[in-house]
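Accompanying notes for the structure given below.
Naming follows writing order (A, B and C), and every chain is counted from residue 1.
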């Protein structure tokens, strides 16, 4: 269990986003600690993806601030990684090259890149597929490459937007464990969006519940269950039920 | 050959299909030969394949009626069409990419491009004479024109359909717009760009006859024109066949190059 | 479904409209009632029993097709129960290629040869001799500056071998203009290889020349006159070299067999019209101008006058004389060669010497009597018997 004396990595202050007249995010404020695993849940269409896009500066906020290590967020300065909902492997790069992509953008020294990529290949168990192309692997392997590509950056902030949305249960469980494993290995700060409450409770240290549009933070819930978590644990189920209720009755 | 290998040879479909292709071409020539030999088609209007093959070997030494041996004509045509084609590739593909990626380039170039696009290459001949005189440069320009358009269009289309998700991945990693252009846009566009190159190759080779009408004294198109002027339908057919065969060879070479460059099988999302 | 039908209808209407207004080269005269046999005709020729159509391959903008146009305009075919349908051409070989679609054609000797050698087309008479085939240079050309009269027998020829050697000429290779260039070289004591020839047709060649390409250009007819007006200098020409380049009337084997009567009547009217032109030059110039306008060839009154003045066409009497006279012709001795044939053979010999045709081709033309005198002979006989032969 990580203590609450970790330093603050990400500060979100009064974040507001309007698209023309449509107010999507309304004055959201919260902090994320270094190395924390946060899940964001909320009703469909409440603005979770917009929220993530703001965090990675793909779009600009209407007002409010987003600070990483005390500075305004900047993909060029900060080390960010994003796992999108849609498959996003580069089809023309091998597994190895895909993993190295972000590291090359950040201009890391070649031997460092090699070290990290080799390591990640090991972690993912894909070493013998290093020269294969994503189209030659299964969809799940492809998604794992994408997750690996994100984690290999040791990012200041790693965002994941319902990355397992398309997958069946067995695969989901497997990948959820995988992401926890990678998180523990790399100590990255993770913001994970999901509509699957069970998944949120399984993964998160903290769950942020968003309301419907215009979204604000309804509640911040600390999840202090031991790992590996047990879906059948009554404490687990209680948390899950509570969060579900919070979402149902907006 | 043991039984196992023999079985595998036919179980593997590729041999079967190769056989079919060979049969197709062979059958075509056999029917053609029969039609001429039996007199159904007047040999004055269409020479038999055997005569064409004979002529092929004769023409390697004989310069009549166009004044060049066959190899001289082939070389001359290849020179013109490849010069035009490569210029089109070098100018057209990057232009298409830039137009597809940078909005200001698009706005600037597209209106002009859309006006030029429908103009048939041969109608450029009079202006070409004025600007480039006659000879290799002018002929290559006509061919350049026919190849340039598909290069631009396809590389433009290819890069425009770059997956926004992939762009965002690179953006999140902190890549500049130019880096994304090079590392994501261009590779993403390659399958469609290559389709454009294929069309450009076909166009450049088939515009050849038109280009060689422009002050030529050699070339396969010129040879065909001379065959027409001197009642030599066999020369005409030989010219057409050689043009066809060389075109097929070039397409095969292009496919080979494509496989080497587009190693991943062509998916982009 | 409705949308599909509407679209298809719109497309076919559009196609029809486009097809209708595009093809200006085929025209049809209104079919008139069949003229009765004993009504008087302009040349006293008997009309056909039944109306018949002759498909004509019409060479645009040249003298040898003018008689056809004039005769048609004046109704000299119509009164014989002959309707004409035209297809236009600007090249002899292309005309011959399309021989399935016509019965009678007039064209220059290169085209005649293509028809004879490749398409079972017979020449049934010489109808004209080329007149305006000129070589032009720019004013500052060494050839022009050297002045004329340096070569004996060719007082109007400019320059000597020295200035001509190494020059570059734009011309349609393998056509009658080529013959004039080669004859010029002979007069100067030069050969093909002493100059460079670049293959370009009349108008493209002239455009290139104006743009600065080449040292000289070989042009014919109205384009030649354009060159003169533009200030370019004529340094040689067919009138200087004295080349005899004939144009012939041709008929397909099919027409000779199945439309023989119509062909014969056409033949007679053609030469009558040709002779009429000689007697009515001014009116003929007007008709020539008309045909140029219809065919889309640039021409004005001055040009029409110039070209018509230089017309060199045989009468029917001349044609018969050519067929009755034999000449000495070394390359072929299996039978006597007529003067008519030998005029055509001038062109064939030129091509054989420059490697375009072979001796076998010559043998073919003469062995198979591709120059067919029978129509002329039959017409002559009929005219004599009917008392029309008034030469």
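We take it that a residue touches a chain if its C-beta (ideal position, glycine included) is under 8 Å from a C-beta of that chain, and two chains touch if they have at least 3 such contacts.
This one's a predicted model, so the numbers in the text were calculated from it and none came from an experiment.
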Fill in the blank from the handout: So the chain most remote from chain C by C-alpha centre is A
Completion exercise
Per-chain Cα centroid nearest the overall protein Cα centroid belongs to chain B
Practice task
Could you please state the distance in Å, as a whole number, between where the Cα atoms of chain B are centred and where those of chain C are centred?
Solution key: 39
Completion exercise
Rounded to the nearest Å, the gap separating the Cα centres of chain A and chain B is 49
Exercise for the section: Take the average of all CA coordinates in chain A, do the same for chain C, and state the distance between these two points in whole angstrom. Expected result: 85
Fill in the blank from the handout: In their shared complex, chain B is touched by residues of chain C numbered 93-94, 96-97, 110, 113-115, 117-120, 170, 173-175, 197-200, 204, 207-208, 211-214, 351, 355-358
Handout entry: Parts of chain A lying in touch with chain B, wherever the complex brings them together
Key = 56, 58, 74-78, 80-82, 84, 86-88, 90-93, 101-102, 105-106, 133-136, 153, 159
Handout entry: Residue ranges of chain B touching chain A (in the complex, touch as defined)
Key = 163, 165-166, 168-176, 179, 183-184, 187-188, 190, 262-265, 267-269
Problem - Residues of chain B that touch chain C when the two form their complex - result: 44, 63-65, 67, 125-126, 129-130, 133-134, 214-217, 222, 226, 228-233
